[in-house]
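The following blocks contain the structures, represented as structure tokens.
Both of the next two complexes hold chain A, though its partner changes from chain B to chain C.
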Partner chain A sequence: MKKILFLLLLIYGTSCFSQKYFTRTGATDFKASVDFFEPIEAKNKSTTVLLKTSTGEIVAQLFMTAFQFKIGLMQEHFNENYMESYTYPKATFKGKLVDFNLSTIDKKSNYTLKGILTIRGISKEITTTASLKKDKKQLTFKANFSVTPKDFEIEIPAIVRKKIAKKVDISLDYVLEKKV
Partner chain B sequence: MSLKKKYKIIISLLLIISSTCYVGFTFLMKAPEKIETKAVFFSSSAKDLLFNFQKNDTVWSSKIVQLKGVITAIGSKGITLENQIYCQLKEEQDVANFKLNTLVSLKGRIIGYDDVLEELKLDQCIKIIPTL
Partner chain C sequence: MKRILVFLNLLFVCSFPLLAQNDLMEELNEETETNLTFDPLAFKAMKIGNLQSTKIGDKGDLYLYVSHRFGPLKNGFDTFFGLDNAITKIQLAYSFWNGVQLSVSRESYNRTLASALKFMLVKQSNRFPLTIVGYSTININTLLDENNFPELQPSDRYSYANQLLISRRFSNNFSLELAPSYVRQNLQDLNIVAQAQHNQFAMGFGGRLKMSKRMSLNAEYIHNFSRPSNSPFSDAFAFGVDIETGGHVFQLLFTNAQSTNEPAFISYAEGDLVFGFNIVRVF
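Up next, the complex of A and B:
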């Protein structure tokens, strides 16, 4: 009986032990620039991403205050006036790469990415295409999508409205490593 | 003579306007302050920070800390202190300067508690070389 239990546990354990790929230092960029005005863009190089390769489930999380701007004042306004980073410190994405299969990644590199993006406590469904590439131990994940400030109830004062794009482009570039 | 005086006034006014514009513009366009010159909010051991963070996790966002702790893991862009604090290094810092299982002093900025990987996360970390 004990042996059977042990075997069952072993089988159960191995099936549960699915491979995960992750990073703590993924790059998430956004651009909301308008031509002829000061470029509005920032980089977050501290995005945590976890990808379960057996199911294609993906979780990404970043801290708003880790967005780095070239201009200090812009960074301050971003955190204090627009994102309210001290009230809503995180942005999260929970989703899935549709029909993801790590073993056939060499043949198929583009996958539909579907999921929920949460910023300022407000959730929005995102559907885009992600490209994945396997390179020995690393898995490179790239995707782009756009959102609007309205989606997340971010109010932009009339005085700067012309300088901030209606559509904010977000690009993701994550190099994932196998999680031990 | 009066014409010359007029020119002088105009030139000096232009100079004043352009210099204030320049000063104002450089002030507005200033880069964010560097970690090296920022004042330290909390300086202690890494374990002490974890203890204090668990007691009250609301005050730590964006705070500059100086920590001393044992390196328990080394990654490509950062190191882990005491298994629970991930310190992402500032870009010009090299992970090769850190050795596993040794004591190290770091200055960095807390960005928050990462509940995906269950660790405290710091960025812009720089190695502090103790002055004798």
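Up next, the complex of A and C:
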């Protein structure tokens, strides 16, 4: 009986008290620049990210209007004409770090990240490699991947087509802290 | 009994991660909602037609506004529907700081020099439903001739308008604006107006209906509370379309005022329908 109780406690312990790491100031950048034209890039510094360490599940979410461009008018056009941010305010990612294990993170820091990116209500499967680093309290998550405007049915008018890259590079840099 | 207990426990424990899986996104949602996010702008250009909108250029952006107002359409072919009597205004607006825009302009109507200050007070966000902007302008009428007005004081050339611009973007396609306004006219020509009204109060109403990503229908009406009923002037209105092409916005409109300066069209809209346009270019 004692053994069973102990076992139960152990199972409870791992599932109920599974740790989560969290941030609401994650940096998500994208670049869609073409050489010799105005750089098209923006930074979102308010991405919220939640990682469940027991399973490696990771979810992230950001507001399109929080992308900051160097040129204000570019930002306005991004929201108004391309992303339709009023209708689709958020982009979300729901995925998993394959074989993630927090206790062996010192030895293995690169994990396959698989998940579904949803922008403008359209979902696309993403597979890439994420690097993770653990400090005393923080967990630093970094990853890169690219998408195309076509993936999310973003129309680009003919006159600006040359100035916007076919492939949009997205980089993620999240410093997560233990969530209480 | 023991077995049942163990079974129940196991069931509970096993189902827990399943529950937790769905919760992760919900948990994140709850955390995200508290972030401050601004709603997209209510208007594409700094003006709805004649009336100022709540848009302010971003820091470092230089805007050039070229406005034309033609003569009354009712003159017909004699003036080619007013094309012979165009009033032109050229305006430069620059933002030295975020949310603060300064502008200078010259309009051929009364050869008016004007400067204006526009500043953001609150932006529409998930925490506040309105955008509120302050607007203040000084106009100098340089056409007034001292031969016609022997007692003319330098201060008589000045007129002012102060407005609070309150807008809300209700949906992707629909925005509305209210503009409580105070106009000060230092000069009241009693040959034209029956009684002097130096201080005038008005309320502007404006709106936008987006037809597509780059086109919208705009309309505005400004009611002047201080205008006597026997005044030869009317409440100003304008309606037209905005067409945006990247760095330009073209505003094609019909209005009943010849001037696009606030003290002039709020007080002295002539009332005859004219065609006009604003071209906005950002540098």
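To be clear about the criterion, the second predicted complex is superposed on the first by the 166 of 180 C-alpha atoms of A that agree within 3 Å, B and C clash if a C-alpha of one lies under 4 Å from a C-alpha of the other, contacts with A are read in each partner's own complex, and residues count from 1 in each chain.
Note that contacts are C-beta pairs under 8 Å (C-beta built on N, C-alpha and C of every residue); 3 or more make two chains touch, one makes a residue touch a chain.
Just so we're clear, the structure is a prediction, and the values are computed from it rather than from any experiment.
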| item | value |
| --- | --- |
| Fit or clash between chain C and chain B when superposed on chain A | clash |
| Chain B versus chain C as contact partner of A:94, first or second or both or neither | second |
| Contacts of A:24 with chain B and chain C, given as first, second, both or neither | both |
| Contacts of A:86 with chain B and chain C, given as first, second, both or neither | both |
| Touched partner set for A:46, first chain B, second chain C, both or neither | both |
| Which superposed partner A:57 touches (first chain B, second chain C, both, neither) | second |
| Which superposed partner A:77 touches (first chain B, second chain C, both, neither) | second |
| Partner chain(s) touched by A:68 [first = chain B, second = chain C, both, neither] | first |
| Between chain B and chain C, more extensive residue contact with chain A | C |
| Part of chain C, among the options 3-11, 57-65 or 183-191, whose backbone runs into chain B after overlay | 57-65 |
| Residues of chain A that lie at the interface with chain B and also at the interface with chain C | 22, 24, 46, 48, 50, 59, 61, 63, 65-66, 71-73, 75, 85-86, 89-90 |
| Chain C - residues contacting chain A, complex | 2, 6, 9, 13, 16-17, 20-21, 24-25, 27-29, 31-32, 35, 37-41, 44, 57-59, 61, 169, 171-172, 213-214, 244, 246-247, 282 |
| Residue ranges of chain B touching chain A (in the complex, touch as defined) | 28-33, 61-62, 75-78, 86, 88, 111-112, 114-117, 121, 123 |
| Residue ranges of chain A touching chain B (in the complex, touch as defined) | 22, 24-25, 45-46, 48, 50, 59, 61, 63, 65-66, 68-73, 75, 85-86, 89-90, 177 |
| List of chain A residues in touch with chain C within their complex | 1, 4, 8, 11-12, 15-16, 18, 20, 22, 24, 46, 48-50, 52, 55, 57, 59-61, 63, 65-66, 71-73, 75-77, 79-81, 84-87, 89-90, 92, 94, 159-160 |
